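In structure tokens below, several structures.
Look for subunit A in each of the two complexes below; its partner is subunit B in the first and subunit C in the second.
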Partner chain A sequence: MPRPSSAAWTLRALAYTFFALAVFALAGPMPANAQEPTRLAVGTTADVVNLNPLVGNSRSDTWVTNLMYPRLMQMSANGQKEPYVATDWGYSDDGLTAWMELRDDMMWSDGEPFTADDVAFTITAVTEEAIGITAGLVGGSFERARAVSPTRVEFDLTQRDGQFLTNMGFWMPIVPEHVFPEVGQVSEFANDSDWVSAGPFVMTSVERGQRYVLEAVETYPFAPGGRAAVDEVVFRVFPDVNAQALALRAGDLDLIANAIPPAIARALSADPSITLVEIPALGWAHMQYNLERPPLDDLAVRQALAHAVDYEAIRRIALQGQAGSTLSSVISPVLSFWHDDTIEEYTYDPERARALLEEAGYTDADGDGFYDGITFGLLYDQAAAEIANWAQIVRDSSAEAGIEIELTGLERNTYLARARDRDHDIYAGSWSIMEEPAAYLDLAFRDGGFINYGNVSDPEIERLLDEAQAATSPEEALGPVQAIARRINEQVYDNVLYYQEFQFAYNSDRWEGFVPQPSDLLSLVNPLSLASVHPVD
Partner chain B sequence: MTEVTQSGIAAEEVQAPADPSPRRRTWRAFRQNPLGMGSLAVIAILAVVSAAAPLIADFPSGYGEEILVGPSATHWFGTDELGRDIFAEVIWGGRISMIIGFAASFLAILIGVTVGITASYAPKLDPLLSMLVDVSLALPVLPLMILVAALVGPSVETLVLVIALFSWPEVARIVRSQALSVTRLPYVDAARTIGGSHLWIMTRHLLPAVAPVIVVAVVLTASRAVLSEAGLSFLGLGDPNSWSWGKILYNAQRSGALTIAWWATLFPSLAILLLVVSATLVSIAYNDARNPKTREA
Partner chain C sequence: MRLLSYASRRLLRGFATFLFAVTITFFLVRLLPGDPMLAIAAPGMTEELLARQIADLGLDRSLIVQYVAYLRELAQGNLGISFLRGQPVSEVLMARLPWTLLLTGSALLVTIVLGVPLGVLAAVKARGAVDRLVQMVGVIGQSLFVPSIGIFLLYTLGLWLDLFPIGSAVDPDTHGVARALSILHHLALPCLTLVMAQLASYVLTLRATLIESLGEEYCDLARVKGASERRVVWQHALRNALLPTTTLVGLQIGFLVGGAVLTETIYAYPGVGRAIFEAVGQLDYPVLQGAFVLLAATVVLANLLTDLLYGLLDPRVRTA
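For the complex of A and B:
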């Protein structure tokens, strides 16, 4: 609590305010008032764009809608799927039928039971209307869903797909069939009033760009006592992370939903009333080389690029040590089951990069210090603080190796559009959750894949992907998945720089009992966490 | 204002040999104004420092081990979130800020003066050009600048063009109103009577008459352009490959250093403040010096 200093006499009015507050504080805490609702204020930097959980895909969208529309499974710290609403699941022997058992005590907040019909409705809508990334993850093999009983759903598949259940279980929020419109109009549904929730909270009011208020529901079986300990959760939008951190320190916010930039984390860690929680990312930050832009189709050039990045400086300076190495593999060590620690890590070695380029016949005829024709644009999102920082380190360390990198830091929407059109030499970005290798490798490295920013088209990888996806158990998929990662590493299709240790901050003078979950998508604002958090006694 | 300038112009045309020329009288009056001279000195120092940046500090690149450390003997202005020297960033940033400021101002003046003089000299074009100026002045400049810069992609050239494209209407309006009063003077009619071409009349008789206004406009437009550049860079639309004062501020905001490292924002802000205030004071002092009423006072 700041105290008025003697020099502050000009701010007399302010001093009086502080004095009044001090007296108030000395008088001791107010007796707990039964009518006074407990309220948790959560800060986000971006506004909620879409309240339809099937359509919304920004982090803010997910944080808010996660509290109302449950996913069927949850994720452990190493990315494995665990029971949540679904208690058990599996595949038939031929792999063409999948089944899932659900809890029997789930209710929607309007009193309707949560049943297998809701699950069947949701997946039918998602696949028929091809809504969002979920459709991409499950649409390929899904044929039909049947609610055989209120607590059991069966899915007919067109082909063996060992990732179908876990992809759907984690990535697809379930929406109420009795509230949402019929299949065909679901993606158009704005869901901007009269919300119905099967999570710990239900939204009661929305002020776009300002605040989103959610109240506790009485029927959430996962919370101790069947109800969240706080009465109200308020998401407040702070467009600037600096202002957000100030609000947390001033006590206007109780929790910041987004990960804290390293510089602020350092300052916040000195504040005794604020606790920082470290959560490893399930994704990674990387650069992808566009193979359709010569000379990036030349393996030697890509290898030279990989040896021209000062990885250590990026992790230590740009990320302030809050990052780990994935051994240049597209499977981070956080995914302990899948990770392969025998892959050879790229090292920063400008001499070797030069040697590789010279061996491949590149020269510096014009004497400008860069090999001729070895000039690349590096596309990134100017607003992503960490990436913008390490992009500069990449440029400077590449220059040491005679490689010219031109930074193309763009405004977010322009950046996304350019990446979507594959209008870049080198793409820099980061993934939030990459937990199911067979699924994400397919999106990122199959020819025409949704996020194949390198335009990779490699028959060997496609063959291994088919093999991994046909496997109905993780053990069976392990071999091909690791082989894909090895091939990507050898061919430098992707250069993974680090996985981040996210830092999240909350006011620990007031609150305790958060349940951290992996990645910045779940972090401290996941439904279980906000249902469990309670005021410090 | 108009009358005053007219008398100045009239004096110039007469070229009384006994009297010092208006230019010299203006300069003498300007020299006696300490605020104007001081500001001119500040601008000169900033320009010299920017031009001599390579001699003063290394181009800020790479990274340093001391992250967000306050001002010290080794880092006069402290360090930023990658441990780079903010003093060097401000010095090198001044280069780009001033280059953009003057290039954009030059372009804006070029367009503005052309449009302004044409409008004043050609009565048939005047309504059209005036409407164009009015419409341009009514546009919401910042959102449009952001839109264009975002679509085209950030670079120094983009910034110069964007800022110039949205700064010329004000110049055009001032020049037009100034030139309008001159086109009705007898000597312009005389020039026309002796068979002077339109271009000759516009460049040899109208342009000199509005020159003082242009001088003021150059200085003010340049300082506004520096501000616009800082604004666009602060919004993340600056050139990622070079330094500018706005970019230092943007880096501080983006990395979260805004509230924890005062030095990361104070020094670039001071540089912007110094340049803009000096430019404004110089133009005021010049105006005063040119004006016989204030000159004699």
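For the complex of A and C:
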């Protein structure tokens, strides 16, 4: 048996050897010298989950893959779809054929031309394999796609669907047919090496948990000089937002891709090298009342609930002023084409709420300060800081109106499961991007809709939705869309509290020329923006 | 022979512990609230498509059937496929494991290198100013929360004094010696965080046992025989006092692994702890389960080694 002292020495030697070996093993071999490129470091809070742009649907997935796989349309500041890779589009007179014209100067980074065949291939794969969100948005009416020339693609539809082109144009990234596997295997394609891009950058290396490196491609027709001004974009992953903000201040990051929480934004605003950019959300925060849970099926009760919310306090205190009113409409003023400014916001008026309840026959027989039977659970995600804050304001202001609100803040996955099962009285949440009204109103208010958390079933809304969806131009859809928003407001099917003004931060001592686009998905990290940004002269 | 029998018993116990850990974590992970399909399901996805995906992932089978299938695959070294990435879990985790081993291994090493002299100093100068200072700092260290230490160090040493980088494990485009130095540079703060969080346990344990040992008869005998106090402390008393500390190393491995989840998250360090943090949010059962299995195996193995070492250091243990 060895003596303890020699065992200890052996162990110590082994430990030091392990340490040295571990460091050098992770270090790797020495390569040839390379020149320092212009590099933009972008912070994200999460790793890319899936590099197949048709499958990956997290924020990080989208930010990174958007730089390689172009969408056909882009979004204007007011949420309208504008030409991008697609220069023009429309529908046949009967509405059963849709067409799209494409630019003729797009190339993949391996030298292959970007053509209508790539578009036809992508939509065929998406619909046949039912991949991701796009399949849900376009799959209902799509029948087949044909590349009738390198720059024109036509789509046969099974029914009139005025949202088909804009949904597909904005939500579906186009992938290269000559690189991806054949239809049937696309969803399983990991796309984790040998990337080919038709965007401003192409991925060159991935270090999961640390960084994703993309290099500028030589030609990108949308960049001011025909090529991105920076040589490299590096996405660095910082799961903790406080550490991420410190990295920006220390100069380890140049830009933070995710929206900055108000408290951190305040700290960053004191740093002269940091600029904060305000970008409106394309979604909104709201409460939906479960119509299958009496007495929430009673309009008077819903109206009383709507008048028992202190909207200004929510926007001023819980959101620290970084929010605007939608006028209690499910169409935010950010979507200026669709928004109806004649709708009136519910007023915070506890007395009126009490009067409504009393007129409807509710009483407080037990004298506890709350109307009998007017007690509701409010379901929310406790990790959503702003919502957790305003849920308390809702509870307190409702109590002023004699309405008892019991807060049910749950862990996110449990919250989602309860919402999916419609196991709630009042659902509190927020939507990130609601940019195509006829499409999202269908998901949220059609009987059986995927996110119809209020169990709304209203024949008038169904009729208007059919009308809006059959319209083949925005002008034609405007009337029914606004009528739906008005009816939702009048019937209090949904109580929209605000749309958020997100804040994004970058190092303005070093960089200028970002092109902001609405929503936290596009913000400053959209392809046009990163193709345009350049070092400060 | 005794040593062999002792080692076999410990090995068998280690395997049983590992199996227990695998079983518990398998069911715990699946008892997490929520439904992994929520992370996968898209608006407008049809019921049939959803059902097909659930079946593809094996989530339509009973828990027991899933468990037996999991054990069968595990026995063949297969940890499954990530729900969200479609990538083998072993690939996901093996890319992360070296970083966690480096972080926890170096934290353990630094803790022992610092903890032993500090413990000795506190014991030798018991009730003196140094001892009181060590005790005070020790108590504060034990009560600190890992993320608080992390943000404090990032702010002071990273941002304010600009001595260390913020985030990641290594700079890009560095190679050879420069890369090794970059790794050490990035390792410093997360390692220091874990050291600060656990150093006190070692120092205080060693201090207490060393004070006890120094009062034992064999130390008095050594003194009577003319041994210097330095020799009494380092050659006689410390050997015995180190035995409980060795046990502590085994116990603290579990803490280190837990601390690594938080530390890696704060420091954007790309280890297994981060993978756990991400997988919990996404309900990616296979990655979560695989990470637990890997960490359980590490802890069990470390404890096994500690036990064997203890057997070598103290012959009485082998017959216990």
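Here, the second predicted complex is superposed on the first by the 503 of 537 C-alpha atoms of A that agree within 3 Å, B and C clash if a C-alpha of one lies under 4 Å from a C-alpha of the other, contacts with A are read in each partner's own complex, and residues count from 1 in each chain.
Going forward, contacts are C-beta pairs under 8 Å (C-beta built on N, C-alpha and C of every residue); 3 or more make two chains touch, one makes a residue touch a chain.
What you see is a predicted model, and the numbers here were worked out from it, not measured in a lab.
*Asks:* Which partner, subunit B or subunit C, is in contact with more residues of subunit A?
*Replies:* Touched residues of subunit A are more numerous for C.
*Asks:* Is A:V213 touching the first partner subunit B, the second partner subunit C, both, or neither of them?
*Replies:* After superposition on chain A, A:V213 lies in contact with subunit C alone.
*Asks:* If we overlay the two complexes on their shared chain A, which of subunit B and subunit C does A:N57 touch? Say first, second, both or neither.
*Replies:* A:N57 contacts subunit C only, not subunit B.
*Asks:* When the two structures are overlaid on chain A, which partner does A:L246 contact: first (subunit B), second (subunit C), both, or neither?
*Replies:* Both partners, subunit B and subunit C.
*Asks:* What is the contact status of A:V234 with respect to subunit B (first) and subunit C (second): first, second, both, or neither?
*Replies:* So A:V234 only meets subunit C here.
*Asks:* Where does A:T414 make contact in the superposed view: on subunit B (first), on subunit C (second), on both, or on neither?
*Replies:* In the superposition, A:T414 contacts both subunit B and subunit C.
*Asks:* Touching A:A190, do we find subunit B (first), subunit C (second), both, or neither?
*Replies:* second
*Asks:* Would you sort A:A77 into first (subunit B), second (subunit C), both or neither based on which partner it touches?
*Replies:* neither
*Asks:* If you stack the two complexes on chain A, which partner ends up touching A:V277: first (subunit B), second (subunit C), both, or neither?
*Replies:* In the superposed model, A:V277 contacts neither subunit B nor subunit C.
*Asks:* Taking the contacts subunit A makes with subunit B in one complex and with subunit C in the other, which residues are shared?
*Replies:* Of subunit A, residues 240, 242, 246, 410-411, 413-414 contact subunit B in one complex and subunit C in the other.
*Asks:* Considering the complex alone, what residue numbers of subunit B touch subunit A?
*Replies:* So the residues of subunit B in touch with subunit A come to 61-65, 67-68, 81-83, 150-151, 153-154, 236-237, 240-241, 253-261.
*Asks:* Can you tell me which positions in subunit C touch subunit A when the two form their complex?
*Replies:* Residue positions touching the partner: 3, 32-35, 38, 42-46, 49, 84-87, 92, 95-96, 98-99, 101-102, 105-106, 109, 147, 150-151, 154-155, 158-159, 162, 165-170, 172-173, 175-177, 179-180, 183-184, 187, 239, 242, 265-271, 274-275, 277-278, 281-283, 309, 312-313, 315.
*Asks:* Hey, which residues of subunit A end up touching subunit C in the complex?
*Replies:* Within the complex, subunit A touches subunit C at residues 1-2, 4-5, 7-8, 11, 15-16, 18-19, 22-31, 34, 46-47, 49-50, 55, 57, 130, 132-133, 135-137, 139-140, 188, 190, 192, 207-211, 213, 234, 236-240, 242-244, 246-247, 249-250, 252, 410-414, 416-417, 420, 443, 450-451.
*Asks:* For subunit A, which residues count as touching subunit B in their complex?
*Replies:* Contact set of subunit A toward subunit B: 240-242, 245-246, 260-264, 266-267, 313, 317-318, 320, 382-383, 385, 388-389, 391-393, 395-397, 406-411, 413-414.
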